[in-house]
Every structure is written in structure tokens, then in C-alpha cells.
């Protein structure tokens, strides 16, 4: 069940010049989120900015939720000044989350940029797993330690070659497909990142007959299905990213 | 002060309190059932219904502006038939009033909708007249005095028992004129304002921030404009006026009541705080208690001095 | 990129850049000379001048609203004679263009004002048409198509050399209609928008927050509405459009230019930051440099794709 | 000369539950203010609240300016959270300040509520002087120590009798007049406080043939004469509180 609740800021610290880690403790009992779900966070109590902002949760611990956020505009610019102890307004958890299959399919997770938050929420909960993770520069890669500790096999790239392989995640995906032909028919992809990246991955997946899911983003006013603002085109007509999504099968999305 | 009277009447509808939800911001009510006790609401206005389902506009459909937001949802809705089949049963389980907002592109659309709804036992409808009349070159019903008069009269004729609320467009020079037309043509109440047409531009991509180019501005930014229009309308007509526009909290709601609104609707405020309506009901109660006023009717129109509330301790 | 061209033409006026000040927010310019180098401005529009001095409204005259403010100054001004004697000499010492905003309650007021100003060697006037026509029962010139056409034609006839800017009222359903009327009646340019009539209520005292009851809403709250109207107007007319409404910084100004404005005016922004105009000029320059655009004209109307700027690196 | 400038918050501390003391250091050279002048302070960088708020300066020290402010609404509600070191936007100094006479007139200063800030800016600079200061309760009286150290003769009252005499400053003014008949013809009043108080004082002064000045408040958008928003009715027509005022002779004000 989703809730409208207040939370206390436990920590809010910069991982690098652009990306912050926020840990909050809800002041009341809230539903435990499942991988891929998100919350709406109010950056300020004034009406400018007005709307809450959507953020995937990264990790959940006993009555604690962690987020990873990049500084973009007004809202995130204010969030980075959240002092420890501040009481903030939130709603959530929202979204359908990643569908997890209790069979022998092998999950391949793909994250671009801050998409890593959503992807890691799933990664931590899986056993056998692969991860492809890309960012523009080494500076924008985060939580590498965490990924290393998580036990899966992972591949990292940066556009400028400052860490891992040079290039984009879709190149790594092609490499992965060629080098894992033995298992590829069991692989199911979960991807989160910028739209062009998701589009390209879904194309490669379909060429190789791999099933997969993408977590989409759209401007959101409510987060819980009321405003119809977050619609995306799918083969079933417009669907709400916040309600029928955020996670859609590749095959359903009209890019 | 134990028997605080918050009830107000809108046409034949008796509301337990003056706090309603604004069409298009409350879905078909179920979306909010996780957050609030829907039965506490004065009334629920559901997302605008057309004869046939409408798929709406391509994304992006919304964006934020200073103290406001733009939307160009494109009137996406399930259509009359699905509404009656899929949404109405849930609404009927609630112990509160609900009002069906309707829209069309011709007078006959509105007439058919209101007739069907009356026949289905719906107690009240709200006419969204900010829609283009396709037969008349797309001019909005709500900005043309003659078209508006004809539209309301025809709807009134075809659905005589239903409580008929006309939702005025803010996009006119002369609100009193349109308020009067609504009254004279047979509306039981008027509600205002709908969103104000607006634009936002992305200076990096050189594109409008909405795929539809323009959208409707709502939220606190429009509150002073809405208040002025409600005040002008309430001075002009005898039927109840429902105030809408940027209401975020109880203080905002009270401003509208003082300006002459008999009830109010909360729109964008629901997105920011899904419990906004309940907080507003509670806040109005506390305000009345603090002011030792036992009936909400005693503050309605208070700025014109034509209310009977004891206001002497200010 | 060393010779960045920011200059634009409004009628016969050649402005060094498109950044002007909005009438009523910049006094008679001297008020800002402590804060900024007035000579850097594209143009200064002075507080509206009437034939006789006007004393204005009783206080409170202003109050704040979400992302905006209301004002009911009541067109307080020194009158034509004092303007020419006391204010004009200072304006003439400046190395920038200035435009005299004028207002009246009858066509003959406007005609007399424009003729005198032309005779005094003033290069440009801006007609504030949001004033009531007392002879026609107080209907605003700016919301009546026939009255507006007549007003502008008469002014044009009596002052043929002066650059004539008509400042449109936002209080109409159909901006393109009024933009076209302004063009067809002989305006050299149009500017928009003026403030939007609005109300705020003090819920403790039950009184309007302004002594005048209603006031004009300005500031960031109205920016999306202004942008939409500027875009609609610019698509409709060939004369230059001057964008006004909630411009606080360079990004806001660029939104208006992209929507089709040839120049912009900064109003409320000057109160919040008396150096706003200069910051905006600097900000536009940086933006053009960053985008490798060497002439401001290449971004005007950019959202319609009818500009020649190299926009490919986005 | 007035300026638009930035300043660093040096201290911002509560004197009691409602009243705060703010000390700032301008980041550039600014004009030294004279008693009774004020500054406009921006509470927040968002557009809600939009306008700067006017505050009289309380004290000036080497490149430091102090203010006293009461929490009223949105703006002051945000100001109380100004952390030390924050950079804020300000303009000023503005206003005509109190006219000070280099003759043998004897200044009687009268402050109600936070009007004490403006009044103290003058009090500190005078030699022979009297002060009448009133507030609703003891809790709202501030800087009593400071006043004691300043060397003048002072009279304090609270509406609820929780400190000093019981009653309003206008009663103390009547008492003062009866008990100082010897000097009363040389006295000149400077008053700052709520409008009803100023009106009452000006009436008493006129009845007793005492000259005086009141510092007025009005809603302000600019603070420097451009918006005409702060007009008050005077015998010379509407005048701007921020420019021709804030200080007007009693005899000029139309109450």
C-alpha cells in the first residue's frame, strides 16, 4: 500500500560532484518496496518548486530507505542542501517494480547513469546475475564497491574510457551476447537508463530474441495514477509510467 | 461549538462539507483510496467523460512552471460506456456525493451524455465547456456567449432532474457575463476556474515543453486570478459558485469562501499532497472553531460584509 | 564570436539589445541609476503618463501572492507637463532609447498625449490600453475590438512619425484578434502582457489585501500565460512583438525570444533584483556564445523552426 | 548610495521564541547606514516568496550589520533557518532616516514591539536621551541589557504587566509629559512601532505641542522608490514610505 508520509533525513552526502546518496527514515510504518519501485520526494515546503520529484529507491534496510540522485535542476538543487534531521514529505512506494521470475532464467541487468539506483535495488536481491553498467565518465560511476561485493558478474564502461571499457552499454551488450551464446536463450534483461539507451538495448534484444524489461521515466505530477501526466505510448495504447509501469516489456513499448 | 455545521447545498445536492475534488485531478476516486477516507469528502468530481473513449495527447503531457504546472492530457478518458460499467460501481459504494464532469465537441454530444447520465441515476454533472466546438471552427463553447447559452439550455431541457453545474472558462474578458448566461440558461451552479492556456519553452532544445505545444496552467500561480473571477461571479449570480484554482490548504479554501464561493474544488493540490482535501476539511473546522463561528455559511461571501458571522474579534 | 549582434529594431527605434524595462516598474529611470549603468539597456519604458497628474490609490497598494505580486497603484503619475519639465531632461542625458507609456480615459486623452509627445521630440510611445473608457461605461479599451481599433487609428493619425507600440491586455479570449487589430490600425509594434486582474483576501481581517480590492498580477506566476500569448501574437502579425510577463533572468528572456518576441521587458523582476536587466543582457550574451550563434535575430521565433540559427549541437 | 549586494550570515540566533538577531557581513563595500534606515533582505532564492523583505538595521559595526526580526509569515519563517555562512541577497540602505538636530532639543525615543530595532539604531548614537519601550509581554522585550548600558533614561512597559509598568507606551508618554514639565518644551519625539501606537502618540504629542517624527511601515516591493507600492497619505499627497520616508513629521501624516 502506498502512503503519504513524513521522513527524517539520516544522511545526505555527495558521492561525487553530481550524485548524492540520501538515506531517510519514515516517521511511520510504510510498505516495504520491491525492486524497481519509486517514491515521490518533496524538495521544499514552498510552492516553487511545486511538485514532488520521483526517485527509485536504491536500498531498503530496517525502517530506512536509500536513494541515489543526480543534481539536475531546481528540485535536486534544493535536495542537496537537506540537512541531517530535516523532516521531508514523501509518497510511495509506487510503480509495478521489476517482475522477478522464480525459474531458471538468468537475469542480465543493464544500467545507464543514475539508472543504477533502480537496477541495484534488484541486483542485490538476485543470486546468479550479470550486470552491465555505463556512465559518461569515471566520475559518474558510483557504488562500484557495492557492485563488487554483490557477487554477480559485471561489466563496466565509460564513454570516455576513463574506467572500464570505452563506449556505451549497448556495445557491452553485443559483446555479452557473443561471449555468452551458451546461456543467452535463458537470459532476461532488466534495463534502466536514458531513453536512447533503452531503445537501443531493446532493439538489440529483439534482434537476438532475448526477452526483457525496461523501466521508463516521464514527467510526473502525482506518481500514483491520478493525473495521467506520465503516459507513454505502448502497443496497448497510452499507459501510465507510474502505475502500469514503470517497468514494461520491451515488446510493448512504442519507442 | 460541538455541532459545527459544514454542510452546503449545490442545486439539489446536499454536501456534508464544501470540499470537493477537481475534475481530472482525482481520477475516478479509487486512486486516492489508499491515502484518504473518501467518505469524508464533500463531493468527488471525476475525470471528464466523453461519449467515446479518448486516448489523449502524446507525451510529454505535463511540466512544472513557477508555482504551477501545465497539462495537456488531451482529455484522455474511458468514455461513457466504460465509465458506467467499470467506474460507477465503485463510486456508488461511497458514502459521499459524486459529480460527473462531461465534455463534447458538439451540443449533441453534451445532450446525449447528460441524458444517459440522468437515466443512470447520476445526481449531478459538471459541464466542461472549455472544449472546442468542432462544428463552429473549434471555438471554445466557454468563450462564446451565444454558444454557451444554447449549450446549457439544450442540456437543461434534456436532463431536467440532474443538478447541472457549468464550469466556466477563465479565458474571457467578462466573467460576470458568462456567469449570468450560465444562470439564465438553467445551471444550478457554476464552478470556476478551469486551467488557463499557457506555454513553456525548453531553451536547450528550442521545443515547447509539452508535445501539444500549449497546456493549461493550474496551481497556486493562478489562485489570485481565480479568486478575482469567483468574487466577480458570486456578486453577479444567485446560484452557488464553486471556487477552483490553486487551492493547496485550508487558508486558500477560506479565501475562496470569503470571496463568495459556496464550495471549493482541490485540483493540483491533490498531486502535491494526496491528503490535501482532508487536511483542508480539518483546517476549515479549526478555523471556524478559532473564530467561534458555528456554521460555514456565515463566512461565505464575508469580504462583502454580507455574511452574518461574528467577525468582531479580529 | 567577437562581434555578437544583439541589436533589434522596433518600428523606427534601433535598440542596442532587446532588453527593455516595463512601464511602472522602473520609475522614470533615475531610481535605478544607483544600481546599474542605464546606458546598457536596450530601452527604458517609463511609468505611464496621463494628461493631468494622478494621485493613485490608497494603501495597501501591493501584496505578494505565490510567485507573484498584486498591484493597484492606481496609475499614480506626475502628468504630462511635469513629465516634460522634470523627468524628460534626465532621460535625454542617457545614451539609450526611451519609450513613454501613456494612458487615458478617452480617445482624445490619448490623442493629445501622443501629439504633445511627438512635438516634444519623443521617439516612441507605448499605449496602455488596459484603462477604462469612461465614456463607454468604463469598459477597458483593450478588451473591446472596435474601441481598440478606433483608439489606435486616431493616435496614428495625430502622431505619424512617432514609433507607436500598443500594449495589449491579457484579459481577452482571443489574443490573435487583438494583435491583428493593433497591426491593422497602424501600430509599429505590440507589447504584451499587461498584468492580469486578480484578488487576494486576508482571512484574519476578512478584507481584500488591497484597498482597491482587486489588483494586477505580475511576476513569474504569469510567465506561462504571457509566453502563450506572445507566441500566438507573433504567429499572427508581422510587426515586432515585445514579450512581457514574469521575466526574472536570461533563461526567461530567451524563452520569450524563442516564442517569437523581438524584444522583452522586465517588470517585477526589477524589484526583486534591481540589476536584473543587466544580468539578463549578460546572460543572453553567454547563451548565444555557448550556442555559437552570432546574431540574436537567429533565435527569435526559434520554436517555430523559422529561424536560421545553428541549433544542431543540442 | 544604495546597493544591490550579497552578504554572508555571521550569526542568526533566537532572542526568544519569536524574535531573532541576524548579523551579516556584506561581501563588498557598502554605504554606512544612518539611524532609521532599512535594508531589503531576500528570504530565499526561489520565487516563493518572491519579494525581498524590509528590515531596519539595529546596529552597524566594522563591515557588519545587525538586524532584529520577528517571525511573521513565509519570509521570516525561512530567514530563521539561515545557517551561518549562507550568502544572501540584499539591497540598501534605504529611507531618509531620523533627522538628528545639532541643537539643544532633547530626544525622546518611543518603540513598540520590533520597532525597537529602528529606535535603537538611533538611541546608541545620542547623548542625553530618553526611551519609552513597550511590548505585549516580557517575552517580547529584547535587548534590555543593551538599553541599560546605553546611558539614557528609559521606561519600559508590557501590556500584561509581566515586566516594567503595565499598559501601553502611550500611557507612559502621558506620565513622562506630566513628570518632565520642565524640559517638555525642548523634547522631540522619534517613534517606531505599530500604526495604532504611532497614531495615538502623535495625537498626545500634538495635544501637548510636542514635535515629533514617526517611522512608518507599508508593504514594499522594491524599497527604493520605483514601484510606488508603499505610498502613505500625507498632507502633501501620497508619499513613498521607502523614499520620502520612512520617517515623517507627525504633523504631515494623515492617519
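By letter and in written order, the chains are A, B, C and D; residue numbering begins at 1 in each of them.
The definition used in the following text is that contacts are C-beta pairs under 8 Å (C-beta built on N, C-alpha and C of every residue); 3 or more make two chains touch, one makes a residue touch a chain.
Model, not experiment: these values are computed from the prediction.
Any chain bridging chain B and chain C, meaning touching each of them, is among A, D; the list is complete.
When the interfaces A-B and B-D are ranked by how many C-beta pairs touch across them, A-B comes first. Rounded to whole angstrom, the centroid-to-centroid distance between chain C and chain D, based on C-alpha atoms, equals 36 Å. Inter-chain spacing, taken between the CA centroids of chain A and chain C, is 46 Å. In chain D, the residues touching two or more other chains are 47-49. For chain C, the set of residues that touch two or more other chains comprises 66-68, 219-220.
If you draw each protein chain as a dot and join the dots that touch, every dot ends up joined to every other dot. The residues of chain A lying in touch with chain C in their complex are 47-48.
By the touch criterion stated above, chain B contacts chain D in their complex at residues 66-67, 220. Those residues of chain B whose C-beta lies close enough to touch chain C in the complex are 65-68, 70, 140, 143, 171-174, 196-201, 203-208, 214, 217, 220-225, 227-228, 231, 246, 251, 254-255, 258-259, 287, 299, 302-303, 311, 314.
Partner chain A is touched in their complex by these residues of chain B: 24-27, 31-32, 34-35, 47, 55-56, 58-64, 66-69, 71, 73, 76, 219-220, 248, 268, 270-275.
On chain A, the positions that touch chain B within their shared complex are 1-4, 42, 47-52, 89, 91, 218-222, 224-233, 237-238.
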